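For reference, the structure is listed below as structure tokens.
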Amino acid sequence: MIYTDMVCPFCGCLCDDVVIETEGDRVVRVDNACTLGTHKLMTTRKDRLKGPIMRDGAGGWRDASYEEAIEYAAGVLLDADRPLLYGWSSTQGEAQGLGVSMAELLGGVIDSTTSVCHGPSILAIQEVGHPGCTLGQVKNRADVIVYWGCNPTEAHPRHMSRYTTYADGFFLQNSFRERKLIVVDIRKTETASIADEFVQIKPGGDYAVFSALRAIVRGRGAVVPPTVAGVTKEQLEKIAEICKSAKFGAFFFGVGLTMAPGRYKNVRNAIELVDELNRHTKWTLTPLRGHYNVYGSNEVFTWMTGYPYAVDFSRQIAFYNPGETTSVDILARKECDACLIVASDPGAHFPRKCLEHLASIPTVLIDPAQTVTTPLCRCQIPTAVTGIDASGTAYRMDGVPIHMKAFLDLGYPTDTEIVGRIFEKVKEVRHP
Amino acid sequence: MRFLFNTGRTVAQGIGLDRKSGTEYAGATSRCMMNPVDMMDLDVESGDHLVVRGPAGEVVLSVVPAEGTPRGMVFVPLGPYANHVLGGETHGTGMPDFKTQTVEIEPTEREVPTVTELMEEIGGVAYEQGARP
Amino acid sequence: MRITLSMRERKNPYIPVEAEKIVPSILMKGTDVTVYEGNKERRLADLFEITVEGEAASVDEVEVVLRGDTSRVKRVGEYMDGGRITVEGDIGMHCGNFMAAGTIEVRGNAAGWFARELRGGTVICRGNAGHYCASGYRGEKKGMRGGKVEVFGDAGDFAAEHLSGGEVVIHGDCGDMAGVEMRGGTLTIHGDCARPCGNMTAGTCTVLGTVLGMIPTFERTGEIVGPDGGTLTAFVGDIANRGKGKLFIRNFQYLE
Amino acid sequence: MNELLVKNAYVIDPINRINGEVMDIAIRDGRIVEDVGPKATVIDAGGCLTLPGGVDSHTHVCGTKVNFGRYMSPEDMRAGRVARRGVKHATSGYSVPTTYANSYRYAVMGYTTLLEGAMAPLEARHTHEEFSATPLQDMMANTLFDGNWGIMNAIRDGDQERVTEIVGWTLSAVKGFGIKLTNPGGTEAWGFGKNITCIKDEVPNFGVTPIEIILAMIRACETLRLPHSVHLHCNNLGNPGNYACTVGTFNQVPDLNEKRQTLYATHVQFHSYGGSDWKTFCSKAEPVAYTVNNRPQIVIDMGQVMFGKTTTMTADGPMEFNLYRLHHDKWSNHDVELETGSGIIPVYYRRKNLVNSVMWAIGLELALLVKNPWQCMLTTDNPNGAPFVKYPEIIALLMSKKYRDAEFATVHPETGSRVVLPALDRELDWNEIAVMTRAGQAKALGITGIGKGHLGLGAEADIAIYPIRVGEVDPAQEYRKVIDAFSRTKYTIKRGRPVTRDGEVLVHGENTTIWVDPKMGPGHDISQDTEFVKMFDRYYSVRMSNYPVQDEYLKRSLRMETEAVF
């Protein structure tokens, strides 16, 4: 079978032009997707658990039924004084919504992988807003592109060909020639090597460079010292000029800003630079989101609770304070006494300090495959992969909602189904 | 020697994301990219092993020369190896020091552990799945 | 009236306790109030041994004393409008937030968001304060608006963020970005700090130690004599933000 | 069979010309019927004011832009926090509350049907997802066409048929309800940071003018026989002197439909400004209302401003940027490729601010100067002028000169020289309020035929019973009682089921999404047109096949099929 216009369940680009060929329940060919997407689609059957597994109480593992695993999951969540429900970025929106309702009824904390990715970007947006646009707007109009603290070549391999450097658009018939590319990073990445202008900043210097650019753009460059974080004033002036004379500028940034010292203040400064540039010409800004549906988790959490991530329902109202209600902090402070992880792999992506606590409490993992988190949990429930054997909604990094289509049936339940069944058990005990 | 410990995405790490029990993933995430001049200072060659010590512990990685990495900094693909040295400080922002940790690095003869060994070291229990048809 | 709350031993000492009822004006009317331990509502007496001595005609005659491991007890002194709270050990997050009057003294360390959005009164920490000491809340333009916060040890990152009024004194060092987005009030740091006052629009910040990573968009305007008699370099900024804040610094280094 | 009998209801039902009769209302399976059996559940209205469920014909409650308003405003979420209880979810937010909070608060005020004022087609799925999370109201979405490339190209080529085909296809594809134009042409210009000042300006790069867009869309709307008319947010919103543009636009609108208006102009308060700058800013509600009074083909809504904090959000991206430059608070913008844009900023309307005071007066003036209440709907353009929870105060202001005078005494002292409000003695009656909050709105939206906005036999049993006895209260004097009554129904009944009682939410309901599916007949399917497909392939960032909203996004769907007559 050949399936066209399929949606890739890898990164926040959410490419929807993928062609997939199957023979029986095997994928034999993938066209249009990048290396990352192709690999995910081609190897989808490998490493998947056959069914739920649980610790056997004797230092090993045993197989379990879905019913038993669901019962166990509901039990540990109900017993907890501070359950944490973490993950939610690589799953369908429908499951995310159920997760929020369950966290609310349980009096738990629900958080998504946002907190270790673009959480700081959201904190910045909450201070100064977000001048953004859809990616097609960039493709059709942008004549200056900035990639700052990100490396799309490695992390979002089709970003440049679909939306920026290599993508022709309505107002740019020969994109590669007509667009200027500025790359800013602390190391010379692959993306930097094709830039018209590469700005190498000393680690921790992003904030200062943004401040300097803002001052230069508004005509107060005289105040700026001759070098700022390793960048000459001359180069800063040149960059400012390119930006001001753009017809449409598009600023993309990655975790290079959100993870650097100052965190969200770097992003805030970036946004305020873009605001300043809008006094001269058109500029937009977009965070490069990692997981294909991390933005969906922010959207769903927001309309249901008012907050995009890190929502604490322990008092039956929604409370939000990243740094306090975020997963890394809660785990590092050993606050939570049970954890449900859905569609993410903190074992691979959380600091060791957090994992030590995760391994010491009843942790349940809902994930199709064996992951780094598997050894840390007490029970794992495999599910279908959205975009492969489950359908559902995902939000692209620019907020465009896309329907993910299933093309295989491998007999696994969906995340929505499993979270829903756990929720039903929870409701039996804690009547709403 | 002290280094700034920078972590981030690579294609190889990304490819391994959905098949983390494989050796490819371990190989892709246990690399420590370092400026060749720093490698000379440490007297190591490509493929040699390093022990990296951070606030939460230490981990053994293999070194890879990388011209683009500034001196005094190492780049390690994000994943269980990089995280094995990191603590839980987020500066009140929810985001740990993935890119801003200072670490101590020295050459070692020790082997690079497997991902499972890393997890067992912090209290996990390895799971071995029977072969799938 | 003196109300002493001694924390009992808990089965799981890591679960946070939310205790916004620990305020003189509430406890003077009776100690049969509830707090939250994680998602469970508990009687105050379940978590604390309570002794009440003497009587009070007004809130200003009330002192609440906290003893034992209170490092995970949050929101103590929230909306406090008079009286005194003394914490003998460490205190959890959000101590004294929205407080309008009275005095809080923490003898140990204070966790994050100490005296957040303070309106009035005096909040003292004898040990170190965590991140966001005397700061604002997410998305809010104005942080602390009045009163005084004094920390005798160090403060973490983002101290006095969004400060709009009142006085903040840190006797030790501050972490990164003290006084960021400041728009009023005064911040005095006796020790060192990194990158103070980014984006400030108004207010006064004085650093008597050394500033690392000086923000490059402050305009140097001259020198003044500092409160300790020594010379300080005077700046105005943040120029990037059309700011007119005053920043006085003993020593500084740019990240060049 | 589910039966309910509402006894002793003091009914005002303008569509059925019932103005204050005490009667019983019988309901079976969600519809109003002649009578019910003895086993029916009985609700005693006790002679209280009973109206058809409220209809808001222009509000922003669901979708990308609204959700972004929430996302960027944790400070707004600190207000309106209510704990989860029973069937009721936790809520947060004041000016941009969560979906549940919006739904509960509207229900408590007796509103059962809402029209989301602006849905970008590309992001329609999001709006529908939030509709599903809005339990207590029936929902519909006006679809944005203000900067649609396909349509602008067709207009430039003089191909009206193609305009109609694109509109028809898009509405079906995204399950939209009506046509929304927000600053037509201006959102496209904003793509490069420019704007349009009025209807005769040319849209950069497209060679069409706003008035051409408006008229072509009116023709398309009528050809497609859409229940609702074109829904227009005029050019030049919020600027001093813009009333001339508004009047100029209204004067171009033909009268093409005998059942309803030909143009619905939204939040006209924001478009009725005189003066040449902020110093000379004044009300021009009189000429605008005069134009409306002379042109029955126009219906407007107030877009009333009320003092306090709110969040403004509109597809009018350039206007929001100008506002941002004025307030220098936070600003979000979201341009949507080939279609439209949007902007969001928080604002605080202050009594002590002259401009804000004049704005407040203009909305009221419009409602009082437009003679026919069927031509002026009560809205705040929620949350732009104020959050919808202010509606009861607006009702009271319109019913009481005394209340208006009392409020006027608290606004900026110079307001009097800029407005005519103090000279207006009109006090609206209960029937007029019923028209402006439900009957007129249902008629303007063209949904009376599906049983909305009235209580006739066969109508949807959406009923609001307010705890006020009309004969016992003089609204001109006892305006506080009016505010209290409209703030909290005694009962709100949705589809024959009581959903709130005395402000308490009783059930977690399930809404219906109402959408329009125009049938255009063979030869008019634009999705088969090679040029159209090529435009999609080249310039959109999603594939055409992934653009339409799947049926599964509408949990309970009411499709209004129309037959186009080309």
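Here are a few things to note about the model shown:
Residue numbering begins at 1 within each chain, and the chains themselves are lettered A, B, C and D in the order written.
We adopt the following convention: a contact is a pair of C-beta atoms (placed from the backbone, for glycine too) under 8 Å apart; a residue touches a chain by one contact, two chains touch by 3 or more.
Every value quoted in this text rests on a predicted model; they were computed, and no experiment measured them.
Chain A has the C-alpha centroid lying closest to the overall centroid of all protein C-alpha atoms shown.
Relative to subunit D, the most remote chain by averaged C-alpha coordinates is B.
Remark: subunit A and subunit D have CA centroids separated by 34 Å (rounded to whole angstrom). Annotation: 45 Å between the Cα-based centres of subunit C and subunit D. Separation between the centroids of subunit A and subunit B, computed from CA atoms only, is 21 Å. Across the assembly, subunit D contributes residues 72-76 that each touch 2 or more other chains.
Annotation for subunit A: residues 123, 126-127, 204, 261, 313, 315, 320, 322-324, 333 touch two or more other chains. For subunit C, the set of residues touching two or more other chains reads 112-113, 131-132, 137-139, 176. Interfaces, counted as pairs of touching chains, are A-B, A-C, A-D, B-C, C-D. Within the complex formed with subunit D, the residues of subunit C that make contact are 137-141.
Contacts from subunit D toward subunit C in the complex involve residues 72-76, 78, 329.
The touching residues of subunit B, counted against subunit A in their complex, run 4, 6, 8-11, 14-15, 17-22, 29, 55-57, 66-70, 73, 75, 78-80, 83-100, 115-116, 119-120, 122-127, 129-130, 132. Those residues of subunit C that touch subunit A in the shared complex are 12, 14-16, 18, 36-40, 93, 112-113, 131-132, 137-139, 176-177, 180-181, 195, 198-199, 213, 215-219, 237-242, 254-256. If you check the complex, the residues on subunit D that touch subunit A are 62, 64, 67-68, 70-77, 81-87, 89-90, 92-93, 97-101, 122-123, 125-126, 129-130, 133, 149, 190-193, 205, 321, 324-325, 330-338, 341, 344-345, 538-543, 545-546, 550.
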